[in-house]
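Two complexes follow with chain A in common, the first pairing it with chain B and the second with chain C.
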Partner chain A sequence: MNQTEKHRLKIGIPRALYFYKYGPFWTAFLEFLNCDVKISGPTTSVIVEEGTKDANSELCIPIKIYFGHVKNLLSEFPDLDYIFIPRYVSSHKEQFFCPKFLILPEAVKYGLKFDTPIITLEINVKKNSEHESAINFGKILGYNQETMIKAWDYANQKFEEFQDKAYEGDYIELLDELDTNPKHKRKKKKLKQFIPEAIRGKFMVNILVLGHSYNVYETHINRDLIGRLEAMDCNVTTIEKLPKSEFSEKITINEQYHQYWQSEDEILKTARYYLRDGKNTIDGVIFLISFACGPDSLIQEIVMRDMKKRKISYLDLVLDEHSGESGLITRIESFTDMIRRKKYN
Partner chain B sequence: MTDQIAIVSNIEEKSLIKKNEKRKEKTLDVFMGIDIGSVSLKIVLLDKNNSIIEKLWLRNQGSPIESSKKGIRELKEKLESSGMFNKINIKGVGTTGSARYLIKSVIGGDIAKTEIIAHAVASLTYYPDVKTILEIGGQDSKIIILRNGVVADFAMNSVCAAGTGSFLDHQASRLGIPIEKFGEYALRADSDISIAGRCGVFAESDMIHKAQMGYSKEEIVKGLCDALVRNYLNNVGKGKEIKPPIVFQGGVSYNEGLVKAFEEALGAEILVPEENILMGAIGAAILVREESERTEKISENWKTKFRGFNVLNLEFETKAFRCQGCPNRCEVVSVYMKTGEEDENGKEKKEIVARWGDRCGKWAVY
Partner chain C sequence: MVIRVSFPSMGWSKIAFKGLYRPIPGVEVVDPPVVTRDIVELGAKYSPEFVCLPFKVTLGEFINMIENYNCNVFIMSIDCGPCRLGFYAPIQERILKDLGYDVTIIPIQQDDLLDFQWLEPFYKITKVKGKLMRMVDIVKGIRFAFLKGSFIEDITRYEGIIRCREINKGDTTKTVEKLLKILDKEWDFQKLHQFHKVVKREFKKIPINRDIEPLRIMIAGENHIVLEPYINMDIVKKFGDEGIEVHQGNSLYGWVMHKLHVNFKRKTLERIAKPYIPMDIGGEAIWVIGHYIKCQKEGFDGFIHAYPFTCMPEVSARGIIEGQQPDPFYLPIQFYSFDEHTGYEGMRTRLEAFVDLMKLNRKNNPKFQDNYIEPPEIREIFDIPEKYEGINTFFTGIVEPFLNTLKILPKLKVNKRQHEK
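Moving on to the complex of A and B:
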């Protein structure tokens, strides 16, 4: 369907997976093309349940949630013209995204049965330049090359602005601002304060939280990990708080093997940065892993060994749809208490 | 004359002060540690030098609230019979274990700490140079790595309870062996047999199979102990540097068969503390003492939140409901305390002491 002056295309974006990373890019890109962008609401238990019902049981929880968000979009906005499901293959010549991102549009199309067409932006620098990706996308909507290149550059600029803002501000709040739907407004949660008032703020601990953006900022499934850590008097830092220049260099695990997965590459670079330049700024590392994630399970071991060598405390937390809250809390409470006793006694 | 009166009152005053001082000397500041796990409840009273004044253990049947009240009642009886009841002043209460927050709210605890920290702190007081703690309890198992007297690393079993106390309990009853004798059986075995320990279900079918092949109970029990140790070291202890001194605590450390299996697997002596099952509670008591000292240092003001033994006269009631506020439909649990008083309308007064289970925190009372 083409975009015309009379009909403004209504395009839905599931708030899952790389929305937590590229959401600002997508929304800016589609808005430049004068589309009416609808985003699914924050993850709820119903979305998780609906997702797990239809997704293949072998998949990781973030993909299952993605299915839930697509269903949620379709029921909340039955008049959507398209559902936007990008295909991330590669954004660096030497690297790939996880194979699940490669097949995402098809997985959703054949996993769920619905009539709304899927529109796909394919990012594959091994095949096309980024501008070519945009031009191909524009063909579906009836836009010429010139407009699409402009749209890409505009979105890229907005994306960088977002990253700069996120560098300073609250990432989750900034992401929420992309969705102007008042029904999706989230109230600030009231979390339990773990530290007695008398000593609150006096024995701070600095924690680096590693993991994919869709695990770290998905507060429903990680049970508000960052908020809880803050309630335990922790200063939390994440991949998004690292200077961008750190991601430009190539990372070598050993002489034969260079990092192959894109997302994992960022995680490893962040970990290595804190082993080197940022060594004295963190007290501990928490690695959030989704159950059944192949790439994560590989580099989890590398990060663990690296941290051990430098005597930085390390904890991995595995997320799945059955993760109970008490197990998670016991672990992070023990972890922060352990660090605090080491640091201040 | 007036002088004499003055002198007399002066003497009286002095003796009064002396009496007060004596009473003060006699009342001993103690710290209570409660460890409420999935299977049992442990309570200890420690003085400020970490000597045990009183201790108790009981099986946790039904609700943790009832168990903790039962525990407090037993503690009171024990203190009364030893004549200590009027001589102690409970200066702080620390809780640990999976129901630590619930019990903290119910009996009025000052701090709730995780089992990891509690076990580590307790072990360090008995073995200052401990480097590894193996802890196996009713439904979970953990390993704690310490270096230079601080916790350096830890791990807990994830979802599966195979190889913990409950599993052993179950297998013992299936074999018709009292759980207390389990270790003895293992030590009597002549030969090694191998049993799959990765999963409780597999272990059980393996045990049945071995029995049908004619192996003795002793050998099967020993095989099971070896399998548990293997499973523990491969899962919980994965990637951890297990250095001696190694301390083994938690209820399962009573099992001599397992102690021996650990010694064989690790090639090092395994130390089992005398108070192996009380270590969590001891740790909680030490932690609350530390907390009181820290607070006194900063603000010179420490007052325990302990409701006192009066807690036995209070009724607690829990109520659960499903919040309809958003699609998450959280299950919210409230704990009410009945004080026995009535409000203006003659209705029984209920005070809410805890409410949780909601994700957004709109109901939460801690």
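Moving on to the complex of A and C:
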């Protein structure tokens, strides 16, 4: 189906997985191409349930949520022309994304049965450059090469602007601004303040939250971890708050091995930065892992052992569709209390 | 000083690995013990929580060998993604060092065997000097490994096909164990090149019933799980005892050949599976789907997919197969996901139910085509008489004496230098 002046293509993007990282890029890219971008609503327990029903039980929870979002998109906008499912193979030579991202379009296409066609943006720098992948994408929509290269550069510029904004502002709110649909407005929940008013703000704790962007900023599945930590008088730092220059160096385990997962690379670099330069700026580390996440199961071990050596408090929270709210609160509450006792004693 | 070297066993594949490193001077290859429950538990105790099973098993083997076999140099394969296998070695080294063991893990890069990075361990494991002499030993080791690997593949292939036809129960198991024992101790190239005759001769002794048309299944999945009989509860034997002809999709020899880009069987499977999985995503996912579609076309009765719990590529493949059932994928399939808690009793119920299902499927499914052909291996073993093969004499007659002369050269050089001094 080609784009014409009369007919604006309606393309749906599921709000899950790498939407939390590359969402601004995709929306800018598609809007430059004059597409009508529809984004599925924030994750709810209904979406999680719908996803777990159809997905294979051994898949990790973010993928299950992705399935739920695709189903949600199809039911909310039945007249969609395409569903946009990107395939991230590698955006850096010598590195890969998790195998589940490599066949995400096929997993959705053959795992769920629906008629709406899938449009795929394949990013694989091992095979062809980023501009070439944009041109390949344009062939499906009927755009020429120049427009696609322009679109790519425009989207890249917007993405960088977004990252600069996110460096200072609230990441979750900025992401929500991408979706103009009034139905999807998130209501701000008032969280219970755990600290008594008399001593509020006096005993601050600095906490680094590690993890994939789709775990850290997905407020449904992590039960609004960042908000809750802030309600417990914590300064929260995430990977996105680190200066960009930190990510330029290559990470080595030792001379024989190198690490080959893209997002794990960022996690390891952040962990190393706080072990080395920013050692005194944090008091504790929380690592968010989704159950059955392959790369994280190994990376978590390295981070844990590193933190143990430097005596920085460390907590890993494993997320799955059954994890209850109170269990999580108890754990982070006792964790912050423990750090506070250690710091202010 | 002799260095004691070992590696994870991965079922019978240890015979081939042993051949690879035995001829290197200054190296003593330690035979890795058979995997048992204690080893798996030991590995699971120190492993990360939800890492896949091969990691736990290999870690357990390492600890066991350090403590009981006085061996602390290990060879472990690494990869460059995207599956977890490539990252086993650094984490295992870290865990072992934190436990207080003095251990060296030598990685062997198996990403692409044509870039010859896998030759590096040969130079790392030994302290004996002399590069040219080593070259001869390396060639020798590679020949041992390839020959033994191909015979292991043959033996396991014949095993699955013959066990369902045997008249006296247990004959095949005895023959296979005997043959593998002989193969393990055979270090003579002349005899090794003729070993396929021994294999066929031994299998020919088993009395079989050639009139039956048994059910056919294919077992495929993650390499370590399918090849390690303790971990998969010896699934090949269990199905064979039920009277089912078992074909195996995995073998070490086939994997090495694939990594050398000459396994055309796997290339056709990749082409078949391309619409479902467009690229290699690690593990065996793409070939599992290829095998599945091929088996469905050939009129197999069932398919077994065995993989470790939470294996990323295999789980993705499973999702695709499950989503496409019953149309267009109608071949009955059973998934076995193994972890350290898997017991046989739970598996047996499922296995028996699957056998019944296949029998009913043969009768009732209108899509099932009954085009059973007797596998060519049966004819190979029982009908064709032994014949003299000329090509092997090329190796034993010409190549080997030539390599031996090469071995003398560096010694001559050394003598000359001493003379000059």
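A few remarks follow.
What we mean here is this: the second predicted complex is superposed on the first by the 345 of 345 C-alpha atoms of A that agree within 3 Å, B and C clash if a C-alpha of one lies under 4 Å from a C-alpha of the other, contacts with A are read in each partner's own complex, and residues count from 1 in each chain.
Heads up, the rule we're going with is that a contact is a pair of C-beta atoms (placed from the backbone, for glycine too) under 8 Å apart; a residue touches a chain by one contact, two chains touch by 3 or more.
No experiment lies behind these values; they were computed from the predicted model shown.
In the model built by aligning both structures on chain A, chain B fits alongside chain C without clashing.
Look at A:Val89: by the touch rule set out above, it reaches chain C but stays clear of chain B. Applying the stated contact rule after C-alpha superposition, one finds that A:Ser334 touches chain B and leaves chain C untouched. When both complexes are overlaid on chain A, the residue A:Lys189 reaches chain B alone and has no touch with chain C.
When the two structures are aligned on the shared chain, A:Ala55 is found in touch with chain C, with no touch to chain B.
In the superposed model, A:Lys279 makes contact with neither chain B nor chain C. In the superposed model, chain B and chain C sit 90 degrees apart as seen from the Cα centre of chain A, a figure rounded to the nearest 10.
Touch criterion met: A:Val46 reaches chain B, while chain C stays clear of it. Touch criterion met: A:Ser313 reaches chain B, while chain C stays clear of it. Nearest C-alpha atoms belonging to chain B and chain C sit 5 Å apart in the superposition, given in whole angstrom.
Note: residues 301, 318 of chain A belong to the chain B contact set and to the chain C contact set alike, using the contact criterion stated above.
Against chain C, the residues of chain A that register as touching in their complex are 55-56, 58-59, 89, 94-100, 102-103, 106-107, 110-113, 253-254, 256-261, 291-295, 297-298, 300-302, 305, 318. Only residues 48-52, 78, 80-84, 86-87, 89-91, 94-95, 98, 107, 276-279, 281-283, 285, 309-313, 315-316, 318-320, 322-324, 337 of chain C touch chain A when the two sit together in their complex.
Chain B contributes residues 98, 111, 113-117, 120, 150-154, 156, 158-159, 239, 291, 294-295, 298-299, 301, 326-330, 356, 359-362, 364, 366 to its touches with chain A in the complex. Chain A meets chain B in the complex at residues 44-47, 187, 189-193, 196, 198-199, 202, 220, 223-224, 301, 304, 311, 313-314, 318, 322, 326-327, 330-331, 333-335, 337-338, 341-342, 345.
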